[in-house]
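Going by the order they are written in, the chains are A, B, C and D; count residues from 1 in each one.
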Amino acid sequence: MAFSANLEMVDSEARITLDGELDAAVAEQFRQAIEQAAQQKPQKLVLFMNTLSFMASAGLRVLVFAKQRMGSEVAVYVIGATGPVLNTLQMSGFHQAVYIQENYP
Amino acid sequence: MAIKIEVSTRDEIMVVTVAGEVDGGSAPGLQTQILPLLQQEGSLILDLGGVTYMSSAGLRMLLLLYRQAVARNGRVALAGLAETIQDTMAVTGFLKFFTVADSVDQALTTLKQA
Amino acid sequence: MVRQSIPANLSALSDIRRLVHQACQKVGLGEAATYRLTLAVDEIATNIITHGYEEQGLTGDIVVSIERTDQNLIVTLEDTGVAYDPRTRGMPTAEDLDKPLEDREIGGLGIFLALQDVDHFNYQRYDNVNHNIFEMNLV
Amino acid sequence: MDTRIDFYPTHQQQGYKLRPGRAFPFGATLVPGGVNFAICSRHATSCTLVLFEKGAPAPLAEISFPDSFRVGNTWCMVVFDLDYERIEYGYRMDGPCDPAAGHRFDRSKILLDPYAKAIGGREVWGEPPDWNDPYPHRARLIFEDFDWEDDRPLEKPLEDLVIYELHTRSFTRHPSAGVKHPGTYAGLMAKIPYLKELGINCVELMPIFEFDEFENSRPNPVTGETMYNYWGYSTVGFFAPKTGYAATGPFGMQVDEFKNLVKELHRNGIEVLLDVVFNHTAEGNEQGPTLSFRGIDNQTYYMLTPEGYYFNFSGCGNTLNCNNPVVRMMVLDCLRYWAAEYHIDGFRFDLAAILGRDPWGAPLSNPPLLESLAFDPILAKCKLIAEAWDAGGLYQVGSFPAYGRWAEWNGKYRDDIRRFLKGDEGMVPVLAERIQGSPDLYGWNKRGPTASINFITCHDGFTLYDQFAYNDKHNEANGEQNRDGGNDNHSWNCGVEGETDDPEVNALRRRMIKNALAILLMSHGVPMILMGDEVGRTKRGNNNTYCHDNDLNWFDWTLLERNADLFNFTRQMIALRETHALLRARDFFGTGPTQSDIIWHGTQAWNADWSPGSRTLAFMLRERQAGQGGNTSPVLYMALNSYWDALPFELPELPINYRWHLFANTALPTPHDIYEPGHEAPLEQFQHSFLVGGRSIVILIGHP
């Protein structure tokens, strides 16, 4: 199952929709989407994970480093993460740094 | 190559034109000729367009002239310096003591302004 | 049941996951347990590919073998990369090995995720081959 | 002007007016109306002064010293009416030629004055000389007056230095340097703004004493290019700056040009250290040329075996007999001359262990030369840095006789940091020692962290970029079938040997370079950076480029744009060190007046993992009262992760109104990898753990 991460800017909000299986082979695609988002200096970063069927630690690292890079002023939302993916976020303690919601807004 | 100097004045400022090679041999003689000219009035323009070579001894002679002029709160301007000589003076730290001008006229204007 | 040799590069990860996923369905393992086993195998495979082979300038294969006993499903990854026991960040000391998994200084983030929810994990190395063995209870 | 009553000629030879001279100072000194020549030799039976018209093939005149002109073993004479700028001088010495007894006098050779203050013969670097010139390196006279205005040695505290090791020619010789006089003192002067922007406050110049770049030069069997004695670790004259390094060399103004360089560096707050080579000379062994010492007094100047052969503790053919009283005096005179006349701030001694050997090679427990250097009144404020080993197997890192004055190149720091960075096991405990300035090596008899010159790379070995791009050395270009150069580089190529366009590997290499620079500039002790490492300079895996006059050694300035992120990272790390006195300690932690502490942490706060398998360490630096009673001094925290995967580090608690700010994180690409000191990014208020990337380093600053 392939993977895609497409960025959409809605005024000062960066929205990235993640689809498929996010493993070490494709994590770079996700990092570039985050990099483009960061360049727009958004106030919010919203990640839609409803159709993300698998996330390895490589994906988690991109998320954590994105949060470190954007610092405390940019709020990060994780929307629609499925059970196992949510479990991964919680196990690594990352959930404390972001807002986790079933749907958006 | 013998050293030749001519003395003239332009708008009451002393202009000494030097031609030839300034080195350990010729520098002392130059100094004894130019120093007395400083007596009457502090400032001096040295037109060095005709100088083809300046050795360490020559640079030190110029610096001594500078010291004497400063002692009489005058200034020494160098005009028409060859590029290589100006460059060696800059690199060895001698150039910064002097006002430097491309020509005698330019040297006159700068000396008068200051 | 299944034994397949796959070239050790990151693009092969999805094939490895598919093999494990199909085996889990065949034995009727639950969805959550299937995800956890797939994640564990993916993390260790990633570690073998990057640290075991690429970063040492080596190339090689990963042999995925899956078999079923009446109690559990066993997935084994075999590789000829550099020796490395994921359960610790270095060669395990005797004292490390008898500590329960939770208390050990588990390897990096990836290994930490991988070994958290696997019913049983074991590492062995003999005649220059690393063996990473994952077991999930079926009953 | 000749006010002295005793300055009139008393003798005449060949039309030159002479009189007995003054025994000191040695060498040629301008005196009213003439020049005073003085030279000593214990075993010579007669001495002749040889005068040349500058550059002439044959001598102008040969004046033998009358025996009445001798004081003890010193011949001295005043020669009147010489044209200082046109004269070159040398000596012929007669005496026994009995190699077995250690004497190698040869009257046919014209000998260079060991105290020559300017030396002709190699005015333009690399211009092939006349090979059958009877006197290839010719002593010249100089004007010793130079207008220093108000300049004097800066005397910066050693703990505040950030040393930048550079080679004068390599620094600006590459066309990309864009300077008017490439590869010269003037070229270096033009690059002072670059050094200031980087934040460097001390340059260590590889050998600038006159040397012969053509010494055993030979065509490269592989490329056909000429291979030179390029680095210059083989001195011809100890009192003269290398003429070929001066833009004004052909005009004989190298002395003024070098003094002006020192003056300009000082004016910009940059100290000057000289890399000095007293362990051997350019004369090599029995087969080597007789240029100076061998013909003047072989038995005094060289360590000789009982049969009269040369001891070779330097690995270069001969060994200077530094603990012989006459040679010891020359070394002292030389250093005093450079300190007093050139305002030099300090010296780095090549293969310094040799200076502690007696004339028969045995290590001395209280070497007279090292002692007199340590307590000399003129050198009192000079930095004395020893490369505390030699090629004879004497390794004294930590045990170099220091008298509380000497610092050392810490070879153990280099090896231990390299091994930790590449992920070796069991390095965490020794890493902690290195970070504290190596108390395990220098913690005895009142030495402090400033005894340790910390470096990860230097001119010898890989550049920092190559350290993470090559597992093995690639010295084929040196023409010795890759047998030369060290093999214990402790390097790691991040998966691919040499250049690659794999983005992952290149990103990892940049991270490793930043990790190395972060550790170097956060460690107690004096950091030293190799020229070009701040922009990822490469020598294509060659770790012994002593002989190359090409882009293997030349600094490629186009790297400035290509690796602007490395330059920025280095600049900010140096700025951090300059901002926080906590990083620049004069005493080891827990000793001395300064009340600051280092507290060890790991992935768990307050609990470092010292086990053999550990590859993580963290530490916190703070003043003891930080956060109490109005004291708002900052707290520094550094997490080091040389494990290949990311690890969460639990952050230690801060005093109540303090908050953690992110200063550097090598896992992030530029510009997020580092901030300007004072403009760090605040972490979340509640955040008590930080994920440190695989093979990455994080630096946090805690302040209100």
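Throughout what follows, a residue touches a chain if its C-beta (ideal position, glycine included) is under 8 Å from a C-beta of that chain, and two chains touch if they have at least 3 such contacts.
Because the structure is a prediction, the values reported are computed rather than measured.
Trainee: By mean C-alpha coordinates, which chain is most distant from subunit A?
Mentor: Centroid comparison gives B as the farthest chain from subunit A.
Trainee: If you average the CA atoms of subunit A and of subunit C, how many Å lie between those two points?
Mentor: 26
Trainee: Taking the mean of the C-alpha atoms as each chain's centre, how many Å separate subunit B from subunit D?
Mentor: For subunit B versus subunit D, the centre distance works out to 40 Å.
Trainee: With centres defined as the mean C-alpha position, give me the subunit C-subunit D separation in Å.
Mentor: Whole-Å distance between the two chain centres: 52.
Trainee: Would you mind pulling out the distance in Å between where the CA atoms of subunit A average out and where those of subunit B do?
Mentor: Subunit A and subunit B have C-alpha centres separated by 74 Å.
Trainee: Please list all residues of subunit A that touch 2 or more other chains.
Mentor: Those would be 57, 61, 92.
Trainee: What are the residues of subunit C that contact at least two other chains?
Mentor: 50, 108-110
Trainee: Hey, how would you classify the chain contact layout here, line, ring, star, complete or other?
Mentor: other
Trainee: In their complex, what parts of subunit D are in touch with subunit C?
Mentor: 425, 471, 493-497, 603, 609, 611-616, 643-648, 691, 694
Trainee: Under the definition above, what is the set of subunit A residues touching subunit C in their complex?
Mentor: It comes out as residues 1, 21, 23-25, 54, 56-58, 60-61, 83-84, 88, 91-92.
Trainee: Once bound in the complex, which stretches of subunit C touch subunit A?
Mentor: Those in contact with subunit A are residues 10-11, 13-14, 17, 32, 35-36, 38-39, 42-43, 46, 49-50, 108-110, 112-113, 116.
Trainee: Give every residue of subunit D touching subunit B within the complex, in rising order.
Mentor: Subunit D reaches subunit B through residues 83-86, 142-143, 145-147, 180-181, 185-186, 189, 247-248, 251-253, 256-257, 259-260, 263-264.
Trainee: Give the list of subunit A residues in touch with subunit D in this complex.
Mentor: On the subunit A side, the touching residues are 28, 35, 57, 61, 64-65, 68-69, 71-72, 92-93, 96-97.
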